[in-house]
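In what comes next, subunit A is part of two complexes: it sits with subunit B in the first one and with subunit C in the second one.
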Partner chain A sequence: MSGAATANPSVAALRARFGAAIGRSAVVHGATLVHVARDRAHEAFAFLRDEPSERYDYLVDVTAVEYRDRELPLEVVYHLRSIPRNAFLRVKIALDRSGPFEVDSVVDLWQGANWLEREVWDMFGVRFAGHPDHRRILMWETYDEGHPLRKDFPLRGRFSRAEQVRRALGADLSAHYSMDELSIADAYGELPADMRQRLKGAAAPEGKGRSS
Partner chain B sequence: MELSTPSPQGASGFVSPNWVTTRLDDLVNWSRANSLWPMAFGTACCAIEFMATAASRFDLARFGMERVAYSPRQADVLICAGRLPFKLAPVIRRIWDQMPQPKWCISMGACASTGGIFDNYAMVQGIDTIVPVDVYVPGCPPRPEGLLYGILLLQKKIKGESVFDPSLRVEQLADQRGLFLEPAAVDELSEPFGNSVHQTRSA
Partner chain C sequence: MAEKRVLELALATPGVDAAGNAMRVPLVSAEHTAQEPELDSDHMLINIGPQHPATHGVLRLVVELDGEVVMRVIPHIGYLHSGFEKLGEYRHYNQIIPLTDRTDYLSAPANNIAFALAAERLMGIEITPRCTVLRVIACELSRIISHLVWAGTTAIDIGAFTVFLWMFQERERVYNLIEAWTGARLTTSLTRVGGLMADLPEGWTGRLREWCARFPKTLDEVDRMLLRNGIWLGRTQDVGVMTAAEATNWSLSGPMLRASGVAYDVRKDQPYLGYETYDFEVPVGEKGDVYDRYLVRMEEMRQSVRILLQALDRLPDGPINADDPRVILPPKQKAMSDMESMIHHFKQVMEGVPAPAGEVYFPVENPKGELGTYLVSDGTAKPVRWRIRPPSFLNLAALPRMAEGHLLSDLIAINASVDIVMGEIDR
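On to the complex of A and B.
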């Protein structure tokens, strides 16, 4: 299964740099996966993004896996792609059952991690330290039954159907669909110049701040 | 509807075409039934069938549903086409509350009617636990003929109503926190059905 000849050279680079923090690696169906210790993961991701020989500039996905075997740790999985190098790397962080389910957020490295990490939090209950907007994303804010994709979560939910209906009806509509959230006004400063020019004709936003 | 025209044996044998007599109920129901404006609440594949129903081949307009209202305030019949997650439950309830009386509701498809195959934590098990439903259209998704048949059934139901029935438009909440039905009834309606897995809850 694992052949050093076909493994992504980024693994060797990681091992040279981080030593014992890099766990086992494997080549699965042609894609290399590597385990990284939780406390040095953020450093490793920064290395993978910024090192000239790595340049993983695109975070494809962040997700998590919980195995049916309760002995196995819960894993947070990152799919990295380097567009200039046409390379792919899968990085896993194993979270021990006893410890807190918390890893460092990578939103500061890849903006796209924002919603992906929120989804992992919502579905698996993994916290992302340093996330700028650490909220649920699929379930509503006041959802109180836990994290649905965990193995100990019953398929039909923890509450009775009547209680679920009651709580759902009691949810505040404006809490999940704020116009602020849908607005691009906040990101106005970061938009490309030509888009800003186009928007300027319609309505120039006046430095509106988030009201969260 | 039975319309009675004046007897042709008038004083001079003259028949006035200018007036008819009828029961008020018949007149009101006839006009209501033939000018239903649907509020389409499409969340899934049923909405595609709804669009087919509204388009030229099946042509909803033949039954007086010419205008599909995407504003609840100008609508008579809420058509919930598709599965309804709990996150949308307060949305459909607010839409229902915004619709002026008289109003009716069609639950289109298996998911809207019972939760369908989505017997899980995220899905409302039948929109009749959230809003009162008049007609259920079975199917996954129902063909346009099915929806049209449901609409004709609704028209039939409307034609049997009475303007003077005070109980028709009353919606009473069963509890202070927004349920129409008693909690036991909601639980019973939401029981697994068909070949769903009977799974015991942890709490």
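On to the complex of A and C.
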């Protein structure tokens, strides 16, 4: 087990390169974590992936954490691994409650981030700028109760059972299709006008629920 | 050009030469294929699933076809989404274990262990030597039963029905062992934080040894049937290729990553449960096609049997639960007769076990790939965040990359080779 309490040297390399953009770092249960400022995060990830001394070629996971303490920022958490060096690093981007919940997508660096970032958007409402396919993934496109893993989202859902049933019965099933899938029908002009407008407009889906 | 290649593939029959190597025998002469008429080039959009046996669960694929060639695949997931991670935030650590059964339900014991290991690291609990070895046995049995389902269902997708019956017969035998140990077949809830729910019953190790002696023969029989089978080779070789660099960049893990030639196995590179003390090999593929994934998984089962036999040889006596009254319930007799033990029992069940504030990412090598458990605690008895890093979620994400440009029938073979389980993908 890598139980040694020494910090991963990548943190020092990041500090030397990015200076004040690198925040607090710590070793927790044998793993090093480092905070990176949101506006320089993409640069830092590119550095971590491409620098010969770093070579974090494998993106293990992208997820987010919201603490029960409402004062604390929401954190987007990246777990990185270098397979050739057998090194592991946890990078966090803290998103302030006041600011927009948006970070730069890392899909251009690691293709594996594609679905992971979609899940973070779906579950936490964090947007990923530059994501090639920014849609919900586990919930359906027209789901409008918000983002389930946020702490202000009640365990049983925002709507009552009766309201959920009412909405399910009244749902427009065709709205579950994305524009991507209907592009052929669109090209042949076979889509109803209202549907076409809604899907084109849904390129930037925003839940009607309370998404801060 | 691409169309011509596909036509040649479609009009060729696979076979083997005298040395047993795969080769393609064209059904018609090259001039004839060159004169194929230009077909109407309308693309077709078809929907596969979510209720379709070949999607291995409630997976829905929207496929754009040019003739029989897959141009685009758009997977839709979430039909089995149960919100386990949300539910976990409202549960004590031991109450989460039954939820882990239901993620990758084809290898429930391994999921139980993955969660227990993460929670134990968070709480700083040392498990007993007997518990460690028993968990290794459970992990390797899970790997075998999961790979057996994979081999059986993949073979049936590609048209070999017998393999399915042979594999499921063996799987049933392992399930009998697991049932004798835990009382359940699929949803085992084997672990508790700090130990196990039960020790082995009388005579169990002997039954496992018997099974270990017989099981590799079934694998050999299946290999004899598939390894050099012309249809099998034609359906699997050069299908769904992922290079080593691609597999790494797409965050594939487990047999999918290793079939592409990346020798990363959590058991070797970040050993847990004392895996570094076992003698076993990590099989690695060369081309990263469906055939290599088959070879890797078959060899992994043989290596698992090796680990099982070593674990049985070294299985020590002693308690299965850590001597830590914080997390381990007092014996039932004492709880019923002794006031302090009863209070202890009551408080632990009602209030749960608080974990110190902190966070842990614990990866384990599950049958499907790297299952990571990311636990964040704020010092209370319920986690702030319980994140499952689902291996088949990430493996499935690469399906469009693997399938595009292949025939529709190859899409089925590729999807089968990913070894997905929707319970884990949707959680």
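We take it that the second predicted complex is superposed on the first by the 161 of 212 C-alpha atoms of A that agree within 3 Å, B and C clash if a C-alpha of one lies under 4 Å from a C-alpha of the other, contacts with A are read in each partner's own complex, and residues count from 1 in each chain.
Please note the rule applied: a contact is a pair of C-beta atoms (placed from the backbone, for glycine too) under 8 Å apart; a residue touches a chain by one contact, two chains touch by 3 or more.
Nothing here was measured: the structure is a model prediction, and the numbers come from that model.
Asks: So in the superposed three-chain picture, is A:E71 touching just subunit B, just subunit C, both, or none of them (first/second/both/neither)?
Replies: Neither: A:E71 stays clear of subunit B and subunit C.
Asks: On subunit A, which partner's contacts cover more residues, subunit B's or subunit C's?
Replies: Counting residues of subunit A touched by each partner, the higher count goes to C.
Asks: Considering only the touch criterion stated at the top, classify A:G112 as touching first (subunit B), second (subunit C), both, or neither.
Replies: second
Asks: So, does A:D61 touch the first partner subunit B, the second partner subunit C, both, or neither?
Replies: It touches subunit C, and subunit B stays clear.
Asks: Now for A:E163: first (subunit B), second (subunit C), both, or neither, which partner does it touch?
Replies: In the superposition, A:E163 contacts subunit B only.
Asks: So in the superposed three-chain picture, is A:M139 touching just subunit B, just subunit C, both, or none of them (first/second/both/neither)?
Replies: Once the two structures are laid over each other on A, A:M139 reaches both partners.
Asks: Just to be sure I read the superposition right, which of the two partners does A:H79 touch: subunit B = first, subunit C = second, or both, or neither?
Replies: Touch partner of A:H79: subunit C, not subunit B.
Asks: By the touch definition above, which subunit A residues appear in both interfaces, subunit B in one complex and subunit C in the other?
Replies: Residues 138-140, 148, 153, 155, which sit in both footprints.
Asks: Any idea which subunit C residues touch subunit A in the complex?
Replies: Those residues of subunit C that touch subunit A are 43, 45, 62, 64, 74, 77-78, 81, 83, 85-87, 90, 121-122, 246, 248-252, 262, 264, 269-272, 358-361, 363, 370, 372, 374, 376, 378, 384-385, 387, 389, 393-394, 397-398, 401, 426-427.
Asks: Taking the touch rule as given, give the residues of subunit A at its contact with subunit C in the complex, in rising order.
Replies: 1-2, 28-29, 31, 33, 57-61, 63, 65-69, 77, 79, 83, 86, 88, 90, 110-116, 119, 123, 137-140, 148-149, 153, 155, 178, 180-181, 184-185
Asks: Under the stated contact criterion, what part of subunit B meets subunit A in this complex?
Replies: That would be residues 86-87, 89-91, 93-94, 119-122, 124-125, 129-130, 175, 177-179, 183-184, 186-187, 189-190, 192, 197, 199-203 of subunit B.
Asks: Using the touch rule from the top, collect the residues of subunit A that touch subunit B in their complex.
Replies: Subunit A residues touching subunit B: 138-140, 145, 148, 152-173, 176.
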